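There are two complexes below, and they share chain A, which is joined by chain B in the first and by chain C in the second.
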Partner chain A sequence: MASLFGFYSLVLGFCFSFLIIFLSVKNFRNINIFDNKLISFTFLQFFFVVLSFLGLILSFVNSDFSNETVYNHSHTSKPIFYKITGTWGNHEGSLLLWLLVLTLFVFLFLLESKEQKKKYRILTLLFQQIIIIGFFIFSIKTSNPFNYIFPIPNEGLGLNPILQDPALAIHPPILYLGYVGSSIIFSSSLAATSLNYISRDWAKHIKKWILVSWIFLSLGILLGSVWAYYELGWGGFWFWDPVENVSLMPWLALTTLLHCILVLEKRLVLTSWVVILSISTFTLSMCGTFLVRSGILNSVHTFANDPERGLFILIFLFCLIFLSLFIFFFFHKVEKKKYFFWLSKESSILINNWFMMYFLTVVLIGTIYPIFLEVLSSEKISVGPPFYNKLIFPLLIPFLFAMAIGPKLKWIKSDLQNKLYLIFFFVISFLISAIIVKSFNTNFLIYSILLTSAFYLFFISIRDFFSIKFKNFAQVIAHFGFSLFILSILFNNIFSTEIITNLKIGETYETEKFKINFEKINQKDGKNFKAIIGKFNIENLDGNIDIFNPELRIYNQPNIVTTEADIKTNLLTDKFMTMNLVQNQEYFNIRYQIKPFMVWIWFSVLLISLGGLVSLYQKKNEK
Partner chain B sequence: MYGRKVKLRFLFVLLVLITLILTVYLILKSLEENVVYFQSPSEIKILPKIEEKKIRVGGMVKKNSIFLESKEIKFIITDYKNEINVVYSGVVPNLFAEEKGVVAEGHLKDRNYFIATKILAKHDENYMPPEVKAALEEK
Partner chain C sequence: MKNKIFLKIVLITIFLIIFLVFYQGLKNSNIYTPNTNIKKDIPLLNVKIFGTNEVIKLKKIFEDDKFYLMNIWASWCVPCRDEHPFLMKIKNNKNIKIIGLNYKDNYKNAKNFLNELDNPYNLILSDNDGTIAIEWGAYGVPETYLIHKKKIIKKIIGPLNEESLLEIKRLFDEVY
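Up next, the complex of A and B:
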């Protein structure tokens, strides 16, 4: 019942697209005032997509297995929370979520842009409707979440247990708010270009949308990363896996745009660049969807996929790119030349853009090169972390220094006053890094230079935060967060310890620093799984004993084994233990890791997002 | 000869070009060094020479071939035509089991002996790496 209801709501929502397009074209030509009926219709469209989404959630909650999506991804024994979150944990449901966010954003946009020109609002709505129509067709035609199956199965296939996790349950909605939120930036910049309305007012108005998408995208990536850390049991938080990269690329583009829009807002330069960035951010988001959903990516994250879907997104993507390039080349007017001195805020932001584009290029090439090579020569390759580390880490050094000094410069022409303290902080940072690197025998030159640059940014931002003259809190918080982020990653890399061994019950493994004793295993039954819980005593040098209980869960539907890491977190270090069983063997596969500063990595990303939030708040107060 | 502005602009374009070329060169060079090729046991059998390079081997884990010791895990990867012995010390993923697909990363000691440094995890019991699927379909 709920499925049928959901499907008709979806179709009804689709019909509203045409109504909106018809009305807005009429409104665009005739009347001078914006027709408020458009807002109501946009709301109705959003409302029907919500109904459709609720219909799907209801089918999941009721375990209505006549619905194919529910049958494929749910099971009666699943806890109610994961029945609900399972709604968007699969392809069909997540596309419905795309649509939901798309319609939500365009509705909010119309509400929030009342002071803007009529034509601009209508055109933005039109461009957004093109995207919405594309996704409606995609959803209804190739991945209908409401397919009916007969005869009705008694039991569903169940949700992949590694997705049954609170962090991953809210990861897709948050990530999508960022991913899909960039669509409104795309539509609006296309509308502004065709009306030749790229101006300081426009920049001011679109900036909050950029900030909102950026905050959600950052948080979404963070959630995915935290999940990978404790659920996949590898003890890392970023693997340079293609699926992770496709979420990082829009983030890089969006961050660049965020900086660029500041220049546009203050000085009305770099207009073409802003338009190109707006277009590419959304294009990269779409690309990400295409790569993940088509299954051509060879990723450890890949789930079973359908090539037809990939083809559809690819065609749709090309249409959008073609449309935006057409508008860009035929309507965009180049601004009058305005000069700025090489040492100025403009050029420092340009430097930021250069670096960001470099990082983006590296990630892009690393991600898609294997695909091209396979198509061209049928050679199968993969690009691993060393590629990214080698190309990105060295360039972080000048990037960090620029991040420290750039914000101090003035517009148009600037010189550095008070050079003394800049040098003073540099010497301090260098000394600290030298001591750290030396005393821990990590004889890597690159580490000491990287540490120096990260510490430099760290100290400079702290000083700026407390200096009275400096008022840009949003920027300082975000930059400080970034320096903390890099520092935590570096410390994490330098000081991590890892032990991997195979142990039988009762055996002890000894190193210089600690003893691992595998005491026993217990069994426990969960709602839809059986668990084997190991008990380990780890005796440290100082005689302290930590008890670890890593778990192996054997889920009944689908029949999958997952490991649950036991993580002991405190402010300075994480201790991380996983246990694994190989069939018919007496030995258990044990991994024990000591990872310093993990909490600080998460915390610093939160700080970076907080910077965005503060900026949004400041903007609100300006009005 | 030329005005100051023209000279400046020329310098700027030159700078941009140099950075671009340098970037592309750096990326391509490091790609070449860090790319990992995927091979099936049959492809390894006909390799012209054994290199100390990192590769990936994919196929199925042979039945009754897994053997655990305290330091290492031994098993055999097969594509049902040829097989290769693998020695690995490290973490095994959850879905590692006999007669299931597997991808191991490491280097060859000789044509029958592979030292793995990583075994890749998968998320889905029905999922098979495209590489393994293709390698198995070829037979």
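Up next, the complex of A and C:
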């Protein structure tokens, strides 16, 4: 019942698209004032998609297995929380969620842009409707969430247990808010270009959207990373997996865009940068959707592979790319060259842009080069962390220095003041890093320079925070967060230790610093799984004993074994233990890791996002 | 002006090429299988024959110019039951000899397994402590090796299925 209801609401929502397009074209040509009916229709469209989404949630909650999506991804024994979150834990449902956010955002956009020009609002709405129509067709035609199956199965196939995790339950919605926010930026910059309305007013207006999408995108990536760390049990937070890269690329483009729009707002330069970045942020998100959903890449996000879906998104994606190229070439007017000195805020932002473009290119090549190679020479390669680390880390050094000094510069032409303290901080950071690196005997040169640059940014941002002259809190918080982020990652790399060994019950593994005793295993029954819980105690050198209980969970529906890491977190270090079955043996594979500063990585990303939030708030106050 | 048009054409061509590559990429399968076509010598060992105390040299078993299929199995292994019908199919081909290696099993259970499902093997060897399977480089049970002229020409990890049967047939046809 709920499914049927959901399906008709979806189709009704789709019909509204045409109504809106018809009305907006009429309104665009005739009347001078914005027709408020458009807002009501956009709201109705949103309303119907909400109904349809509720229909799907209801089907999941009631375990209505006559619905194919529910049958494929749910099970009666699943806890109610995961029944609900399972709604968007699959391809069909997540597309519906995407549509929901799309329609919500376009409605909010119309409400928020009341003081903007009529033509600009209508044109943005039109471009947005093109995207919405694309997604409606995609959803209804190739991945309908409401397919009916007969005979009705008694039981569903269940949700992949690694997706049954609270962090992952909110990861997709947050990430989609970021992705879809970038679609508004895309439509609005296309509209502004075609009306030749790229101006400081426009920049002020679109900046809110850029900030909001940027905050959500950052948080979404953070959640995915937290999930990978706690649930996958590989002992890391970022693996340069293609799907992770796919979310990082729009983030890099969006971050660059955020910096450019600040310049545009103040000085009306870099307009081409802004337009191209707005276009590429959204196309990169779409490209990500294509890579993930078509099954062209192998990764942890195993959505059902269907070439038809891939083909649809591919064609849709390239239509959007060609449309935007067309608009950019024919309507975009390059602004008059404005003079700025090499040492000025403008040029520092330009430097930032080029660095970001470099990082973006590295990630892009690492992600899609394997596909190209396979198609052109049928050779299979996989690009792993060493590639990214070698290409990205060295370039971080000048980038961090530029981040520390750039914000101090003035517009147009600037001179560095108080050179003394800049040098003073440099010497201090270098000394601290040299002492740290020397005492831990790692690769001296590269690490000490990297640490120096990160510490430099760290100290300079702290000083800025307390300085009276300098009151751009948003920027200081975000840059400070970034320095903390890099520092935590570096410390994490330098100081972490890892032991991988096979142990039997009763055996002990000894190293210089600690002793691992495998005491016993217990069994426990969960709602939809059986668990084998190991009991380990680890004697540290200082006499402290830690007890670890890593778990192996054997889920019944579908029949999958997952490992639950036991993680002891405190402010400075994480201790992390996982246990794995060794086939046909009485041994268990034990992995014990000491990872310093994990919490600080999460915290620093939160700080970076907080920077965005503060900036949003500051703008509201200024009005 | 000419430069600009040129730039546009170049950009559009680049995007078209990307489109074509992605389009082509969609058709490729993305299932990665490790390369298991290996030409390796069979290990030289002495093995006990199943149910007896007689010891035989492995080299002697694979002496002829025939095709041999060495299948590692156990009565406690559930996928071995799944692959059993495929072994029976292969048994119909008189030019392939099937050698079973009974892995870490108890004689009575193994005997029951064969009585229940029928015996596809021409000869059964036993590997009580699992050391022989290690010498062969087995990952687990079931696992199957295709042997020709004392060389391992193909290794199939996991239960046999329709696909691996075709692969065996293809390799077999290459020789005959």
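General remarks:
Following the convention adopted for this analysis, the second predicted complex is superposed on the first by the 617 of 623 C-alpha atoms of A that agree within 3 Å, B and C clash if a C-alpha of one lies under 4 Å from a C-alpha of the other, contacts with A are read in each partner's own complex, and residues count from 1 in each chain.
Assume contacts are C-beta pairs under 8 Å (C-beta built on N, C-alpha and C of every residue); 3 or more make two chains touch, one makes a residue touch a chain.
It should be emphasised that the depicted structure is a prediction, and the values quoted were computed from it without experimental measurement.
Upon superposition of the two complexes on chain A, a steric clash is found between chain B and chain C. In the superposition on chain A, A:362 makes contact with chain B only, not with chain C. In the superposed model, A:549 lies in contact with neither chain B nor chain C. Touch criterion met: A:380 reaches chain B and chain C at once. When the two complexes are overlaid on their common chain A, residue A:199 makes contact with neither chain B nor chain C. Of the two partner chains, chain C is the only one that A:310 touches; chain B does not reach it. In the superposition on chain A, A:321 contacts chain C only, with no contact to chain B. When both complexes are overlaid on chain A, the residue A:502 reaches chain B alone and has no touch with chain C.
When the two complexes are superposed, the chain touching more residues of chain A, out of chain B and chain C, is B. Using the contact criterion defined above for the overlaid structures, shared-chain residue A:589 touches chain B, although it does not reach chain C. With chain A as the common frame, the single stretch of chain C that clashes into chain B is 152-160; none of the other options in 8-16, 44-52, 80-88 or 152-160 do. Common to the chain B and chain C interfaces on chain A are residues 295, 298, 380, 583-584.
Partner chain B is touched in their complex by these residues of chain A: 160, 162, 232-234, 295, 298, 300-304, 354, 358, 361-362, 365-366, 369-370, 379-384, 386-387, 390-391, 500-504, 507, 558-563, 578, 580, 582-587, 589, 591.
Of all the residues in chain C, the ones that touch chain A in their complex are 8, 11-12, 15, 19, 21-28, 30, 32, 104, 130, 139-141. Listed in rising order, the residues of chain B touching chain A in the complex are 19, 23, 26-27, 30-31, 33-38, 54, 56, 66-73, 89-98, 120-127, 129-131, 134. Contact residues on chain A toward chain C in their complex (touch as defined above): 290, 294-298, 305, 307, 310-311, 314, 318, 321-322, 325, 329, 371-372, 374-376, 380, 583-584.
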